[in-house]
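Listed after this line are the structures, all set down as structure tokens.
Look for subunit A in each of the two complexes below; its partner is subunit B in the first and subunit C in the second.
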Partner chain A sequence: MNTEALSRQFAAELDRLPRSAEAAARRAAAFEAFSAAGFPTRRDEQWRYTDLKPISTAELDFAPPPPSTELVSRVAESLDQAGFDEATSRLVFIDGCYCDTLSRTTAAAGISLASLASCSEADLPVHAHAPFDGHPLATLNAAFARDGALIAAEDGARTTAPIELVFVAGGRSGLAAHPRIVIDLGQGAEVTLIQHLLDLEPGRGWFNAVTEIVQAPGSHLTLYRLQDHGTRQFHTALMRAELAEDAKLNCGYFDLGGRLVRNDFDVRLAGPGAEADLNGLFLASSGQHTDNHIRMDHIAPRTRSAESFRGIIGDRGHGVFNGKVVVHRDAQHIDARQSSDNLLLADNAEIDTKPELEIYADDVKCSHGATIGELDDDQLFYLRARGLADEEARNLLTFAFANTVLERVALPELRELVAARVAARLPNGATAGGTR
Partner chain B sequence: MLTIENLHVSVEEREILKGLDLSVNAGEVHAIMGPNGSGKSTLAQVLAGKDNYNVTQGRVLYRGEDLLEMEPEERARRGVFLAFQYPTEIPGVNNAYLLKAALNARREADGEQPVDAFEFMRLIRSRMELMNISKEFLNRSVNEGFSGGEKKRNEILQMLVLEPSLAILDETDSGLDVDALKIVAAGVNSLRSADRAMVLVTHYERLLELIVPDHVHVLSDGRIVKSGDHELARELDARGYDWVQQEAASA
Partner chain C sequence: MATEQKEITDLVKRKYEHGFVTDIEQEFVPPGLDEDVIRLISQKKGEPEFMTEWRLKAYRHWLTMKEPDWAHVRFNPIDYQAISYYAAPKSQEDAPKSLDEVDPKLLETYDKLGIPLHERARLAGVAVDAVFDSVSVATTFKEKLAEAGVIFCSFSDAVKSHPELVRKYLGSVVPHRDNFYAALNSAVFSDGSFVYVPKGVRCPMELSTYFRINAANTGQFERTLIVADEGSHVSYLEGCTAPMRDENQLHAAVVELVALEGAEIKYSTVQNWYPGDEQGVGGIYNFVTKRGECRGANSKISWTQVETGSAITWKYPSCVLRGENSVGEFYSVAVANNYQQADTGTKMVHIGANTRSTIISKGISAGHGQNAYRGLVRVLPTARGARNYTQCDSLLLGDKCGAHTFPYIESRQRSARVEHEATTSKISEDQLFYCRQRGLSEEDAVNMIVNGFCREVFKELPMEFAVEAQNLMNVTLEGAVG
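Our next item is the complex of A and B:
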């Protein structure tokens, strides 16, 4: 995709969107910022292990036409079959376009749920307009984002059941969707949110999302994401979060597919006592590439962070874990932990791990550990000596490796769903029977 | 049931079993004793199918078929069971799941239907009681964090559930307290029958007071150097191995 083609698409898109002059100016500025530098390359330190060429050279349509009624009904049917029940508060997007008929915006008291396009400028929190310095793909999202989700919780509001955001790729090839998710939690609010990303049919497209989170003091956000795209989708996402005093963020990211996956996390622990836990599990085989790239800023004292990512990397798969922890000046009593554990299932599987620490305070507890291993021969033999076939034993042990991440999922139904999806994606299509 | 002829096994160029002969008939219990490092566990592991041992000579027949040709899982499905000297911890794999999968693998090989959850529970309840293993163990990971004695009892529980034709117990009595030893012996004895055979590897005669063997063998430096009956075990207990080794050397 050359810059000229991109500019043409941008110009057309800008005209199409009925937005204020201010908004249009912001988009134009974002687009300019992006095109000035272009797609990042591997010469850029932040992109050393991930080559975006498959995306930057693809012919993509950045302004996907809205889904046909026929497509909508097929999505409805497949969600129905997948067990998505109607009572759940849920926003559904097809190829990045909000789908009113499949969504249910009523939620618990004090919680509002809306498609971004339906919100007026005034509904949006101020931060929704902050530029994404250092995140070129998020900047591109800022230029092209046409819709997304706004989840806002008033002070003290709580979700009684998880809110769901469902992003479906409809199978039309070559579409690039740029959804934007804005999460704004008032003081003491408690919200659980699940993002589902799935493909109706295998297709080649690009999903480039931005999730912005602002948490007022004492608020809790539990955010799960089940990224279950097919093996040909490109998936890139930035999650940016700012936590005030005693706010807690707990994330579980499950990346099960995608040709090229890059997750950026940018978390700022800005108030004393704020805590963030990022847990991740990814599967990459058949030439797939998954990169988790984290920046954790401990700005205030007494803040705690823990990142724990596990990768299962198979045939020609490539995993990357890049975790940077920055402890700012005068941010004392910090506890920051990182771990990246990886299971390599093939000789040609690859993993790059790069922990980075920048510490400008002195009372700091930091730890990071990276492990890279294969399946354990003694364990394999023990299982086979009990009559389990070699493949079954391998899958069971692979699943067991994943299971430590799954066990941290506090919602039993979601845990089962993720477990089943993980099992289905294992090299030999195992059962999830090893779970507890 | 089991015929081992002139078995030579080496690990990384080093010969450990040096021409071992042993014949075990259905209905019999054989005890194998011998000094540390003489090759007892090597024999047990080779019989179960561990692949980092090289069989350089000899053969092993199980019910008339070449055992060494079979994959480990095939041996298990056909009724060969090894109770490990050091049972492997497998975090994240559920104990009950493994028991059930192992049982179903064996049943499938026998052309039987898999057990359902209800039947499975019925089947294991009495055996767990016999082994004095509480129900919580079912939901724990295989051997993870089990005490030494718990691991051994768990091995015997698996054996009771799988009802093997040929059971090889590698030092299942080591590290057990007196009560646990009795429990394990009761479990093993409950399986003794005319169509089953057992090979007990042990260092202690006191196990053989509880599970009385038909034959006792001394394995030394990779060979069976002496065989006898229960009386031999008592003699070894009293006199140690030196005299047997000397006898063998002068023969």
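Our next item is the complex of A and C:
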């Protein structure tokens, strides 16, 4: 997609959206900032291992038309079949467009759930307009975002059951969606949120999301994301979180699908005692490319962070991990851990991992570890000796490798769902011994 | 706390022991760089045509390059036209035949540094090719080496006496277009050491070069080439000190190692260039390209470095593991104190099957020092069964310094196993308390802990260097308790 085509689309989109002059100016500024630099290339250190050409050269429609009633009913059917419970508080989006009929916005006391487009601008938290320096794709999202989800929790509010955000790609190819998710937690609020990303039918499109999280002191957010796209979708996402004193963030990201996947995490531990745990698991095979990019800023003293990402890379798969922990000056008593473990299952699989530390304070305990290897011969032998077929043994060990991350999912139902999806995607998934 | 403060103050005020300037008349090429200067350097050194051409090719390529800006260091731009690219001691015209003929002032310089050339060389059984600024002035133990067939001479001599070897191997590991500083070095390199160990020869002694930067305004551009032929073995020692001076001086060296089948090269460095004063004024810019290639099967290259000096260090001794079963090692201790900045590490490129590499890096930061480990482990699809183990640890002494780790790990071979571990911490109160409780002074306790922290690297050094390194560490970090 050349800049000209993109500009035309932007101009059309700007006219279409009924927003204030300020909002229009913000979008224009964002678009200008993006066009000035264009799509990042591999010359850019942050994009060293990920080539965006498949996206930047694709012809994409940045203003997806709303889904037809027929498509909506097909999505409804497929969600029912997949076991989604209509009674849960959920927002459903089809190709980035909010679908009122499939959503249920009533939630626990003190928690509001709404589509962003339905909110009056005055109701939006200030940070919903923050610029995205250093994240070109998020800047593009800022220019084109037309809808998304707002989850706000008042002081002390708690979710009784997880809130679900469901993003469905409707199978219409060539669409680009730029959803925005805004999460705002008041003091001591506790929220659990699950994001589902799935394809109704295999199609090729681009999903470019931004999630913004602001946590007041003592709040606790648990955020899971199951990215279960088909293997042709492009998926890029920025998750940015700012944590005040004693706030806790717990994330589990599971990337199973997607042709080209890039997740950026930008977490700022801004208040003393803040804690963040990021866990991730990705599968990449059959030409899939998955990149997890993390920046963890320890700004305040006594903050703790842990990142643990595991990759299973199969035939022609390419995995990338870049974790950066920055401990700012005078941020003392820091505990930061990082690990990137990767399993290579095929000869043409590739993994590039870069766990970085940048430390400007002295009273810190920081560590990182990275491992790359194939399945252990001794373990395979052990299982074979006990009568398992080679394939079975391999799948069992592969699943066990993934299970380390799955075990950290606190919700049993979700854990089972993810486990089943992982098992189904393993090379000989259907016969995997590990689906429980 | 009060004693800590005092110790820190003492540390900050510690003067650079090797800071003095020897007043010897020097022959200069006026500052500036163009093709004429390069022709002049080449001519002054009496080089054959191919060398002049090679230099010019490098220079022309250098003109198209930009200074790298990815390293975690900050410094004022260097004016390459303000540097004089050639300086030779005046006495070079009638080159000394033996130590007796060497300018006594020069020998005095070595004495002040605590390395009485002849004495030390004989006592330690070390042949020293001492490089004083740009031209080698004394070389010892040549006969003994010649007996074994080992060629150990200055680069200039090698160009004249063994042009075929130089031509074959020069730039074969670090090509002239490799990077900005390597290209500059290729164009203007003044002198350095050349080593060739013939087939099956175990070099009878440790080879050693002491480097000195002396003349003001003179960048020193060393070029070292070591070739270990099939089944040979050589251990090479490099040590550096530099006099005190307020201007920043550029040092852009290139070291190339070639290990053929079954050969082993061990390269050890103690680098103690002038680091600048406590305000961060002055000090050497040490931008070095060091790379070894394990060209033959079962060959081995091992780098060991102790980096305590220089205002800025930019250095990545690397191994290209091409031969099957070849082995690369990198052991490093890097210290950044006051306003020193170090960006150092290694690259291990696994090409051959069953190649193995080990990286042990220990970084120590104190004062306002910034210390970064930057490493690359790359496993290519051909490197079946490759193995890498990396450990990089950082120790922080003080709350104004920084310790950074930037490892790049790339694997495209499933049977390869790569492990990387890194930790960053300060000296724990518990450790200190334990030592103090057993009657050690705070300073001794810190020394002991720091030496323990560096032990894995120090034990890789040749014996005489290990002692020196340990003392250097104690002096460098006197009382630096966080």
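The definition used in the following text is that the second predicted complex is superposed on the first by the 430 of 436 C-alpha atoms of A that agree within 3 Å, B and C clash if a C-alpha of one lies under 4 Å from a C-alpha of the other, contacts with A are read in each partner's own complex, and residues count from 1 in each chain.
Simple rule for what comes next: a residue touches a chain if its C-beta (ideal position, glycine included) is under 8 Å from a C-beta of that chain, and two chains touch if they have at least 3 such contacts.
Bear in mind the structure is a predicted one, so any value in this text is a computation, not a measurement.
Undergrad: Taking the superposition on A as described, I'd like to know which of subunit B and subunit C A:Ala389 touches: first, second, both or neither.
TA: A:Ala389 contacts subunit B only, not subunit C.
Undergrad: Answer with first, second, both or neither: which of subunit B and subunit C does A:Leu281 touch in the superposed model?
TA: So A:Leu281 meets neither subunit B nor subunit C here.
Undergrad: Taking the superposition as given, does A:Ala370 touch the first partner, subunit B, the second, subunit C, both, or neither?
TA: second
Undergrad: Which of the two, subunit B or subunit C, is in touch with more residues of subunit A?
TA: On the superposition, C touches more of the residues of subunit A.
Undergrad: Just to be sure I read the superposition right, which of the two partners does A:Ala237 touch: subunit B = first, subunit C = second, or both, or neither?
TA: In the superposed model, A:Ala237 contacts neither subunit B nor subunit C.
Undergrad: Tell me which partner A:Ala247 touches in the superposition: subunit B (first), subunit C (second), both or neither.
TA: neither
Undergrad: Which of the two partners, first being subunit B and second being subunit C, lies in contact with A:Ala349: first, second, both, or neither?
TA: Only subunit C is touched by A:Ala349; subunit B is not.
Undergrad: Going by the contact rule set out at the top, does A:Leu165 touch subunit B (first), subunit C (second), both, or neither?
TA: A:Leu165: touches no partner chain.
Undergrad: Could you give the residue numbers on subunit A that contact subunit B in one complex and subunit C in the other?
TA: Overlap of subunit B and subunit C footprints on subunit A: empty.
Undergrad: Quick one: which bits of subunit B touch subunit A in the complex? Just the residue numbers, please.
TA: Listed in rising order, the residues of subunit B that touch subunit A are 48-52, 71-73, 75-77, 82, 84, 87-88, 90-94, 97-98, 101-102, 105-106, 109, 139, 141-142, 158, 162.
Undergrad: Could you pull out which subunit A residues touch subunit B in their complex?
TA: The contact residues of subunit A facing subunit B are 376-379, 381-390, 392-393, 396-397, 399-401, 403-404, 433-436.
Undergrad: Under the stated contact criterion, what part of subunit A meets subunit C in this complex?
TA: Counting only subunit A, the residues touching subunit C are 45, 329-330, 332, 342, 344-374.
Undergrad: So in the complex, which bits of subunit C are touching subunit A?
TA: Touch residues, subunit C against subunit A: 70, 379, 381, 394, 396-426, 482.
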